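All chains are identified by letter, namely A, B, C, D, E and F, in their written order; residue positions are counted from 1 within each chain.
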Amino acid sequence: MSEPSTPFLPKSRVAAVQAAPVFLDPAATVDKACSLIAEAAGRGARLVAFPEVFVAGYPYWNWLMTPIEGAEWHQRLYRSAVLAEGPEVAALCAAARDHDCTVVIGVNERDPFSVGTIYNTNLVIGADGSLLGRHRKLVPTWAEKLSWAGGDGSSIRVYETPVGRLGTLACGENTNTLARFALLSQGELVHVANYIALPVAPASYDMAEAIRIRAIAHSFEGKIFTITACSAVSEEIIAAMSEGRPGNRELLSRPNSAFSGIIDPHGQVMGEALIDDEGIVYADIDLGECVRPKLMHDIIGGYNRFDIFNLTVDRTPRASAYFIDEVQSPGSSEEAP
Amino acid sequence: MSEPSTPFLPKSRVAAVQAAPVFLDPAATVDKACSLIAEAAGRGARLVAFPEVFVAGYPYWNWLMTPIEGAEWHQRLYRSAVLAEGPEVAALCAAARDHDCTVVIGVNERDPFSVGTIYNTNLVIGADGSLLGRHRKLVPTWAEKLSWAGGDGSSIRVYETPVGRLGTLACGENTNTLARFALLSQGELVHVANYIALPVAPASYDMAEAIRIRAIAHSFEGKIFTITACSAVSEEIIAAMSEGRPGNRELLSRPNSAFSGIIDPHGQVMGEALIDDEGIVYADIDLGECVRPKLMHDIIGGYNRFDIFNLTVDRTPRASAYFIDEVQSPGSSEEAP
Amino acid sequence: MSEPSTPFLPKSRVAAVQAAPVFLDPAATVDKACSLIAEAAGRGARLVAFPEVFVAGYPYWNWLMTPIEGAEWHQRLYRSAVLAEGPEVAALCAAARDHDCTVVIGVNERDPFSVGTIYNTNLVIGADGSLLGRHRKLVPTWAEKLSWAGGDGSSIRVYETPVGRLGTLACGENTNTLARFALLSQGELVHVANYIALPVAPASYDMAEAIRIRAIAHSFEGKIFTITACSAVSEEIIAAMSEGRPGNRELLSRPNSAFSGIIDPHGQVMGEALIDDEGIVYADIDLGECVRPKLMHDIIGGYNRFDIFNLTVDRTPRASAYFIDEVQSPGSSEEAP
Amino acid sequence: MSEPSTPFLPKSRVAAVQAAPVFLDPAATVDKACSLIAEAAGRGARLVAFPEVFVAGYPYWNWLMTPIEGAEWHQRLYRSAVLAEGPEVAALCAAARDHDCTVVIGVNERDPFSVGTIYNTNLVIGADGSLLGRHRKLVPTWAEKLSWAGGDGSSIRVYETPVGRLGTLACGENTNTLARFALLSQGELVHVANYIALPVAPASYDMAEAIRIRAIAHSFEGKIFTITACSAVSEEIIAAMSEGRPGNRELLSRPNSAFSGIIDPHGQVMGEALIDDEGIVYADIDLGECVRPKLMHDIIGGYNRFDIFNLTVDRTPRASAYFIDEVQSPGSSEEAP
Amino acid sequence: MSEPSTPFLPKSRVAAVQAAPVFLDPAATVDKACSLIAEAAGRGARLVAFPEVFVAGYPYWNWLMTPIEGAEWHQRLYRSAVLAEGPEVAALCAAARDHDCTVVIGVNERDPFSVGTIYNTNLVIGADGSLLGRHRKLVPTWAEKLSWAGGDGSSIRVYETPVGRLGTLACGENTNTLARFALLSQGELVHVANYIALPVAPASYDMAEAIRIRAIAHSFEGKIFTITACSAVSEEIIAAMSEGRPGNRELLSRPNSAFSGIIDPHGQVMGEALIDDEGIVYADIDLGECVRPKLMHDIIGGYNRFDIFNLTVDRTPRASAYFIDEVQSPGSSEEAP
Amino acid sequence: MSEPSTPFLPKSRVAAVQAAPVFLDPAATVDKACSLIAEAAGRGARLVAFPEVFVAGYPYWNWLMTPIEGAEWHQRLYRSAVLAEGPEVAALCAAARDHDCTVVIGVNERDPFSVGTIYNTNLVIGADGSLLGRHRKLVPTWAEKLSWAGGDGSSIRVYETPVGRLGTLACGENTNTLARFALLSQGELVHVANYIALPVAPASYDMAEAIRIRAIAHSFEGKIFTITACSAVSEEIIAAMSEGRPGNRELLSRPNSAFSGIIDPHGQVMGEALIDDEGIVYADIDLGECVRPKLMHDIIGGYNRFDIFNLTVDRTPRASAYFIDEVQSPGSSEEAP
């Protein structure tokens, strides 16, 4: 037999990018992302994880303005949103292929049918440049509901990649016990949890700690590696949000608002995590380390009780209408518009 | 990247024609239509919407005579009906191409197989002169059932045009909640609802108001532009229908029977609508205005619940028989005649 | 035979209440509601429709403050929310029974399991004092998402009442083409669309007109009666929302923000509607009037095409988990070896 | 109405006991437990949480000996196991009643039918002295499988108590995503996670940290309070396990093997946790604090998607056989011959 | 606490009687049984097990004559059958009480209602002289069907006795996997399997071995003690059956037709078993020995899978008719005659 | 008519292999297995039964070391485990097909989703080389729980093969009354019970005898043929387990630890069984012999009482989650309004 391209439990270097986008400028942000892919791949990374909606920025106004005040910014967000089939995503795919690197990156995605609808979408791009998956965040968090519609269940999937079976959830979704389990149940071994820096949350909410808790919990429960990649807040963003609202400058400068790092299957941070500052965090992960902790607890195997707990995940794609355009042979399925 | 021919959310001038046909004379009516296209295009319109069955007239006798009495008129209607592939439609297409103008126009269409069958058909003609679509009214209204057969679902479609994604429904179809939604779900942004003046409806039925209600409802629900184009009642028609039935003259002269105008995405009439009189109404529409109202309600996106409401639209073409003329490879689909 | 209590197509007097709650005080607001029921019933009303979340107030802060600023108010809203099985609802049921009156009323409903979860719920109370239905608004509108969770499809129902088959949707749901159709499809003849006064919407949004458009559209499409009941903005509310934010006073005083009235099956307002002011609007409705307009268009019958349009409504109740607590009957579904 | 005995979102003092049992001596251990209840109640605690299998000790031999070597100890464990209906549990119930205190405590429970079968059982004892619940650990962890059989799903329940809705899971069960969610879904607000000190786990397993991770994860995800109570390793236990195996002394003395403390709904440890040493940790918890964090993420409410994720929990009691002893009335669910 | 009369896992001496009855003479056979009880108790036995239908003999004619030929013998069998409430059973109960000895003994039992019906019944008599249980053999074996009717499921029970939880099955019933499991599931620790000597079975059937296989299997599977007590064939019986049929003498004298003995929880025969000859076998059993083998396999506990295997046992008493003699309150159960 | 390939009650030669694997080397062990298939088939065997987890070895360390000490060996076991779809199983299937021989063989099976999970799996391979069945041992025995997860009920099946209806249970499962009965109830006539040599069990456990008891019990109760195939302990295994633990050499050399042989429907061993040594045992079995003993006792037929005993077997496949991936057919099960 020929040697398989990916060993059973591979070892790889992975990278988590903590960076700010060029605010609401998708073309410039994609350029920045491609440079960061090149840099990380140059240092040996076979997986590069980017923040949530890195292309091209997070709607901070939802937290800093009333909905009416923010509506003008919404127009700008909508016009900066990209299509999954558009040129910006094509450029990211090319960079992944050129650097033989799996990439997970968040984008503001424009719905191809409903004018005005935007999704918070995580793209999983294969090392061959193909678009492996597109996960639309299921439920936006609190004030984010003012900007994004929720996705359907069709993207609750893990993907075979050279660094191992990979799944991703965006930000608050990592709080969702059932969403996390649905990925673990598919044999997820590498989880990308990407976030945005959230200095504007309530004072009781320590965002860096909130990111860390969820990451170590997911790694510990599933006995897998978790990679968190979080955005940074740039002076450009602070300036945009503080224009005419000087109090926002202090809010947006609050420390401990971003955390990027890699967690091992015991729930421990590998090396140093990056707090708030821009940069790239690297770690060498060995999936063989996922085997032994399962002797203690294997929640998708012998340590669970599927005679008692029965989870069904509806991954049916949802559309506003389904169109049947051809004479059906019995049993075939409808086409979406 | 090269400049795309149509911007993402274009601005255009659109026109709604309120006019009477040359009664049951398709050639003369097409001439009149081509003149009106030229006039509107000359004033900058990139879309011209004509009334329902403008070519070449509405069978008022169904409302004014008994079916037996009307049968003679039906013979005349049938002989004046056109084929979609015939010279009258070709002439309209040429006019559209010559004036770089999208055209929506109603015709009495002759079925190519069943002698005697007529459809109430809306044609969508591209600015390049191609026939983009042919929508046969699904269900004729009340007395209209005496003249027309209903179409199939194959034309429940929107079309990419230089003025935006365009869909159309004829007259009473704009009452049909599901038909309207099926167009919205495809990303319709410009809706053409064409009508005939109906002075002969029951006294409780204010036709102009009935047209307006449906137009503002569709625009408000979908956050889109609606263009209504309604026919006028000419002295020629009154004379024809009153011959030997003098009481019909008064009926056919009843005011508030026609309404043509353009509605914005908030459900407001743009400028002045045209009531009863012949003329052309113009408006400058900016599809960018469709984005903001979706923040309130986006019924084909985040404001709906497709986990609860699941609409399937069967667009399968229907024919009286399907003929298989070749040895079928497994899985291929049958051919319609 | 004796006279049946409810004739086939009854005539009744119905009432729409336009009033402000005692802000965030459920006990006092229920007292006010009971007085209004008594008053309306005293004038012969057999159905009294109250505004959305009348018990006990609308979270205006979502539109007037940032989410962080509004969080303190959210705590107050939560503590003022009622249980469907609680004493406040029991008092409303008693009033309905005492006055032999069907009542539709909106409440902030506390989830019995998830601490912190509130629904925008419409209660339908029978004239015998029983709780006929509980409809949790499916999708809160824009800024409202900051306060309420959405309901499931289980309440997409109409109810037999002495005034006829009655259905209800809250506020923006009346924009939802599919939700409206799902009620019509069950034979709805009396629709209660209740709202809150929304002076704080964007300037382009004329709330009174937006209520009216939806009401006449629903009545016209379905050939039914629609009753709109909208809340009023009290000085108490203005004062609460303007404390430390004087600019809010003007916003909350904007005219044309509330509309209550009754619409007939032709889409016409019966008598005078009430704009902004508190009061009760009455109308005498005769369900026999719903028959004739269906000759023109019966969208749940002969004027639709269910061979083409197939709407499925999933009314499955949804819960965070389902518990099987009893030994299952053996012998029910085994497979033979 | 009269004042309810328990307010809607009560405030209470709770206590977590970190202590060693009198090894394999249930009567003496129950005496110790009753003293600790008296002490904690004397300082105002309304809830006292005890370690896993506190009555009367943990089978450390499974980790320190081969199964054959440990079989002799198993005999002693079996004979020290108690019946839920036995005098030891009755004494604990009396102490709870006497001190008006809810008690959660782990016991080695003897199966009433199968000689030789022992369960790792958590008892929930009401402040009135009643036995509210009996949860048999679903799956023993790794080497523990040598001692205990697993329970069925019938005890996946939360209980109404004066300190709020309370649920409990033992030790490694707190790793089980689905078990945790099944409690949260019932409105759990106070979670007792009890453990045993595990100095003998593999060197890579930091038990105190492993307890902490799970506790903060559960509190953070569910926005609830978690109380962890862990046993301590006494000199008595060390001596028993080291007899003839001197190397075990060092293993059993490894630090960071026990953690008891209380976690708030933000995932933060309240005050100081107790590491390794015996003692009682107290905290004053206010269930009102559970409301606000749900604005961010309410995974059993608006932040989840039950149209996608459908969890069924089979709580059917399981027995080795079911006996039908009475003549069935027709229509009952057992199968007649 | 006072000393309980029976320790948790008692040690006792038990006895198995291998003997022949006084053929078809119940009074004389009961006298013999009482003597044997006295003898065994005198040697310390706390349990005495007698053969199947010891009172007063087995219908060998079913195997040796045609049914027509045997009918005369059936008359004699019927007249020798006893009532459970009759003097013969009372005498046995008195002997048990007098010697403080639990007794299991087989009888031919006369149905109290149906003249002619006989059951093969095992009586369980308490050491206090009470009749604990009456088990009618469920299915007679092959030729036995010519004499006995089968019992219902009401006697599938174990009984608390001073020697431990005791159950019994007659002869071929010990082949019935489900019947055996139904006793084990109730915590049976001492099983009495009584038989008759069967020299007349087919040549391939080694009765002594067939008794042994079933006994060691039941003990091994359940980790319990099994006591087999088998009848002997007396010269009296041989003479009766050979009268006019001399060939039967050889058949009835075939060796290896009876086996009495005691089996331990490992499936090993304790001491020597008794083959064919009359006598009493004794063993000292320690129920504490049942605990350790369960570490390997506990088929009514942790080594089974009751999520997969669900056994229901219908113990409803069956009668030829049920009589309702009182006005029933709803939900009460019928009374058997 | 032509001769059918399999007669109704066929006669066949069957073989039981008693052998040691090449320890933890699946490729070399599969080679050995293929040679043994060739050898047995060469001598006329149409069925070859291999030991439990023959591919590639039994985790003896669980009995000889503490769990912590054994964890390193667990890593090796995991990496030597095979996928049911992998090349090792394909090679076994090819050998079965090449030699026209039904094969039952045990393997350590790797879970395709959960890294770290291993099952003790029996494969049933058809004489045509297809994989007929895959039975994952339901409950590992005592110390085995440290290595394997349990399977679900989906494999409680018998298979049609040229040697008759065949079922299989692994090792201790043959103690499970209900599992055995569930196979018998499907008409099992040939039962393969495979085992591993267990010299390391407690001294009171005579493994060869324990294998024999269960085999003769199953054959006797069911009136069927049982084939037991047990592994042998090689010097290679002894050396591996004794490295640094010299005492283990004696333990692993204990006699009477393995038993392979064939049992007839009367519960008698056919010919000589093989104790401890490597080799192949053959027997010529005639399924026609299963008929007559059923005259005495047919526990799945006339000798049982299914009005009393009702066994349900849940063969539902269990998974950690179920995914619904296709649009559900509309129109299937909606409720009418």
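By definition in this document, a residue touches a chain if its C-beta (ideal position, glycine included) is under 8 Å from a C-beta of that chain, and two chains touch if they have at least 3 such contacts.
What you are looking at is a predicted structure, and each value in this text was computed from that prediction instead of being measured.
Asks: Name whichever of A-C and C-D has more C-beta pairs touching across its two chains.
Replies: By number of C-beta pairs in contact, C-D is the larger.
Asks: Taking D-E as the reference interface, which entry in A-D, C-D or B-C shares over half of its contact pairs by residue number?
Replies: Equivalent chain pair to D-E in A-D, C-D or B-C: C-D.
Asks: Where the centres are mean C-alpha positions, what is the separation of chain D from chain F, in Å?
Replies: 38
Asks: From the C-alpha centre of chain B to that of chain E, how far is it in Å?
Replies: The mean C-alpha positions of chain B and chain E differ by 92 Å.
Asks: Could you give the separation in Å between the centres of chain B and chain F, each centre being the mean of its C-alpha atoms?
Replies: 73
Asks: Distance-wise, how many Å sit between the C-alpha centres of chain A and chain B, to the nearest whole number?
Replies: 46
Asks: Pull out every residue in chain A that's touching 2 or more other chains.
Replies: Within chain A, the residues that touch at least two other chains are 67, 71, 142, 146, 150, 152, 156, 181-182, 184, 201-202, 292-293, 295, 299, 302, 304, 307-308, 310-315, 322, 334.
Asks: Quick check: in the complex, which residue numbers of chain E touch chain F?
Replies: 138-139, 141-142, 150, 152-153, 156, 172, 175-182, 184, 201-202, 204-206, 209-210, 213-214, 216-217, 220-221, 266-267, 292-293, 295-297, 299, 302-305, 307-315
Asks: In their shared complex, at which residues does chain F touch chain A?
Replies: 67, 71, 74-75, 78-79, 87, 111-117, 146, 148-150, 152, 318-328
Asks: Quick check: in the complex, which residue numbers of chain A touch chain F?
Replies: 1, 8-9, 154, 156, 181-182, 184-187, 189, 223, 287-288, 290-295, 298-302, 304, 306-307, 310-317, 322, 333-334
Asks: Can you tell me which positions in chain F touch chain D when the two form their complex?
Replies: Checking each residue of chain F against chain D gives 62-68, 71, 142-143, 145-146, 200-202, 306-308, 310.
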